[in-house]
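Consider the two complexes below, in which chain A is the common component and chain B and chain C are the respective partners.
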Partner chain A sequence: MNDKKWIIAGIVVFLALFTFPLWYNMGRAAPAPELILTEKAKAARECVMPEKYMRANHMQLLGQWRHAVVRNSKREFVNPEGKVFTMSLSNTCLDCHSNKADFCDKCHNYASVTPYCWDCHLDRSKENE
Partner chain B sequence: MERTRRNILKLFGISALGVSVKPVFNAFASEAGHLTGYRMEKGKNALKARQWAMVIDTRQFHSPDDLKPLIDACHQAHNVPDFENKNHEIKWIWEEEYHHAFPNKTTQFLNEAVEHRPFMVLCNHCENPPCCRACPTKATFKRKSDGIVMMDFHRCIGCRFCMAACPFGSRSFNFRDPRPGIPRLNRKFPTRTRGVVEKCNFCAERLAVGKMPYCVEASNGALAFGDLYDPDSTVRQLLKENYTIRRKQGLGTEPSVYYIV
Partner chain C sequence: MNKHYLYALSAVIALFLVAYVGTAVLGLRLIFGVLIPYLAVTVFIVGIVYKIMGWARSAVPFCIPTTCGQQKSLPWIRSNKIDCPSSTGAVIIRMILEVTCFRSLFRNTKMRLEEGNRLTYKWEIWLWVSALAFHYAFLVVIVRHLRLFIEPVPFFVRMLENVDSFFRVEVLYDAFQVGLPGIYLSGLVLLAAVTFLLLRRLVIPQVRYISLAADYFPLFLIFGIAFTGILMRYVTKIDVTAAKTLTMGLVTLHPTVPAGIGGIFYVHLFFVSTLLAYFPFSKLMHAGGVFLSPTRNMTTNSREKRHENPWNYPVPIHTYEEYEDEFREKMVEAGLPVDKPFVKPAEEPADSSAK
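For the complex of A and B:
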């Protein structure tokens, strides 16, 4: 055990390097992005479901929409208040939330998720391009 | 096991427990809508059929120019790309000559009018679709509610088994990103992405809002569309009054697209 000092020094250096990203970024967490609503979305007051539900479950809801529309040929969504919506990402969601870059992308980037919706579905705010 | 009062009571208890498992299981397996109070429905204007079918009166098509408006209407609305390279070609509707469309219904000396007539071909929405049996992910499936052979692009893994299984060549594979090949995007309808198979969907999105398919609308009456199992439907009337043929009928896939020749 003559190499004790080298081994311990090595471990210390390794741990320092390994945890570098943690302590380097400590206390510098990026602030959570603010949701920006369009005028139309503000005027509507409520989304297809209550805001709390949408924040937590919009991805599951979209998954169920997709299943209902494509596989069960059901295209209308009746929310608990009895309001009817067409189940469509591009034509219903993005109709109100026409600011995809501010509304969808900001949060998704912050949370480091890359949903593949936009590989096929189109952003209608770019209609005139 | 000894048939004592105690054992029989035990057996009853276990059976009751077993019977009560099913409703609990169903509750967990059902969609979350039951817990959150929403529901999903068919639109009021949605057209309904047991099996959608098309009758094409080929006598009304004389040159490729007659077919072009139909193909353009479909391809523009559905964001079907137009690539020059034949290997990358995507088609929902296309033109075929008689010998290729009906290879087992030709004779040595064929009626000339028929031989030179352009035939519009598309997915046949077979009643017994071999593509759906080949699909390992059920991305393509026979929709029970209206008989349309649908594609769920979210599920398609691009294995192309369905293309091998389809005897009509109705399916195209996106070897490259289709968006650069689309001259004018219809932003109301999604495009596809690289690595999925696509084909005609009998305009399921239009039937759901009470409209006829794009090609039927653009055909000036040369195409009829309706329920194959409704004896009063327009397609059944046409089938009753005209001699019709179907593509490769001997294979037993039961195509739903009929041709008046």
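For the complex of A and C:
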């Protein structure tokens, strides 16, 4: 009754908080990042696994590769089509995808993911340039 | 056997099937990805404002704050300022502690007969612990999800993510692997707490007896939300960029339905939409109601200040003073004691009816 103004103030605060993403993004175009493939990657056409799998599961695959190499010193990866790859982020993945900034970082930043790959691995492409 | 939880469970299973069949089989991605979320958010906002304004219009006829300590009285009696707040400032402190720490739940006791017929009360902390874990885990999960709704992701969301994924648990085998992407504690705590709260209702006979479908439904629903979320993140995996494209489309009012996200994502979204739409009409409105509960937000000054019932319409009253003014002469004649002495007017005749 007498507290109506406080209740309305509370509702306004709640609505402001709830619609935070709406007004925070206002006037900002936030298109999804597009994957940029290098010429070499385009030429290869296929990654170690199908694209759909790679988009969702690449982190898991990299984790398994690391486990296989570091724990079991197994360095060969055979994909379902029978192709053989060397399990290596620096030498296999980054060989084709030498554009880390465009290929890795864009999506990771977009999805707010900070992978710890680069704590140890070097982004060689910068040196090459 | 209690049929109420079966109703709730079947409702959640039906929701799962509706969303899964609707998107994975029938391909109604626009409906489940755009239309229903927008509808749910609208219902949520309008419903909450409607509900709270309804409460704001309601009268508070009585002064009914709960007193959990000594009321302020004589200066040499120590009063409990927070649990029996006599000033607005103390009420605000009490409310903040109630909302953030659930202090009234902390006082939860368990009553039972021991050694035959000896009645005992025992402090029961687990409801409070799990409720606190549940609500804070849910808060963290919601704030964490802002990463999918804001671009660029603000610093506090990133900070929270870092804290939340503090424990780096990794199990890596070819057949089974967990830990990449990093494990968020909040999701697991949420699932564990909601499971406990659900089991509490199912296992303890007294609590089961007073539980209805409306008690089980949100628990099953939130269990479903947490479960599908954890499933997507750690087991089935989804293309997060595509998911964010959809959510960003929703909040920038340019909805798009990207390809490459599976049925489980839409089930998750549909569960959340259901929760939002269900929220204003359910017990979940305790989120807003706690601020408006008279037992918490009124000052315990019922002895200092008269609480006016807003329903009170002007009632014709006749006080003793007025009564005596009217009948003083007659009372004096009859020998009755009067407060004011009767003075016989000198010139005019006594006009007692004029008062």
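Keep this in mind: the second predicted complex is superposed on the first by the 113 of 129 C-alpha atoms of A that agree within 3 Å, B and C clash if a C-alpha of one lies under 4 Å from a C-alpha of the other, contacts with A are read in each partner's own complex, and residues count from 1 in each chain.
Methods note: a contact is a pair of C-beta atoms (placed from the backbone, for glycine too) under 8 Å apart; a residue touches a chain by one contact, two chains touch by 3 or more.
Computed from a predicted model, the values in this text were never measured in an experiment.
Undergrad: Scan A:Asn91 for contacts with chain B and chain C and give back first, second, both or neither.
TA: A:Asn91 contacts chain B only, not chain C.
Undergrad: In the overlay, answer first, second, both or neither for which of chain B and chain C A:Gln64 touches.
TA: A:Gln64: touches chain B and chain C.
Undergrad: So, does A:Asn109 touch the first partner chain B, the second partner chain C, both, or neither?
TA: second
Undergrad: Where does A:Leu122 make contact in the superposed view: on chain B (first), on chain C (second), on both, or on neither?
TA: first
Undergrad: Quick one: is A:Leu37 in contact with chain B, with chain C, with both, or with neither? Answer first, second, both or neither.
TA: Touch status of A:Leu37: no partner.
Undergrad: Which positions of chain A sit in both the chain B and the chain C interface?
TA: After superposing on chain A, chain A residues 60, 64, 66, 68 contact both chain B and chain C.
Undergrad: For the complex, give me every residue of chain A touching chain B.
TA: 48-49, 53, 60, 64-66, 68, 70-80, 86-87, 90-91, 116, 119-124, 126-127
Undergrad: Which positions of chain B touch chain A when the two form their complex?
TA: 31-33, 36-43, 46, 141, 143, 145-146, 150, 152-154, 185, 187-193, 204, 208-209
Undergrad: Can you name the residues of chain A that touch chain C in the complex?
TA: Residue positions touching the partner: 1, 3-4, 7-8, 10-11, 14-15, 18, 20-22, 24-25, 28-30, 32-33, 52, 55-57, 59-60, 62-64, 66-68, 107, 109-114.
Undergrad: What residues on chain C touch chain A, complex-wise?
TA: It comes out as residues 45, 48-49, 52-53, 55-60, 146-154, 157-158, 161-162, 170, 172-174, 177, 179-181, 237-242, 244-245, 248, 251-253, 258, 260, 288, 291-292, 310.
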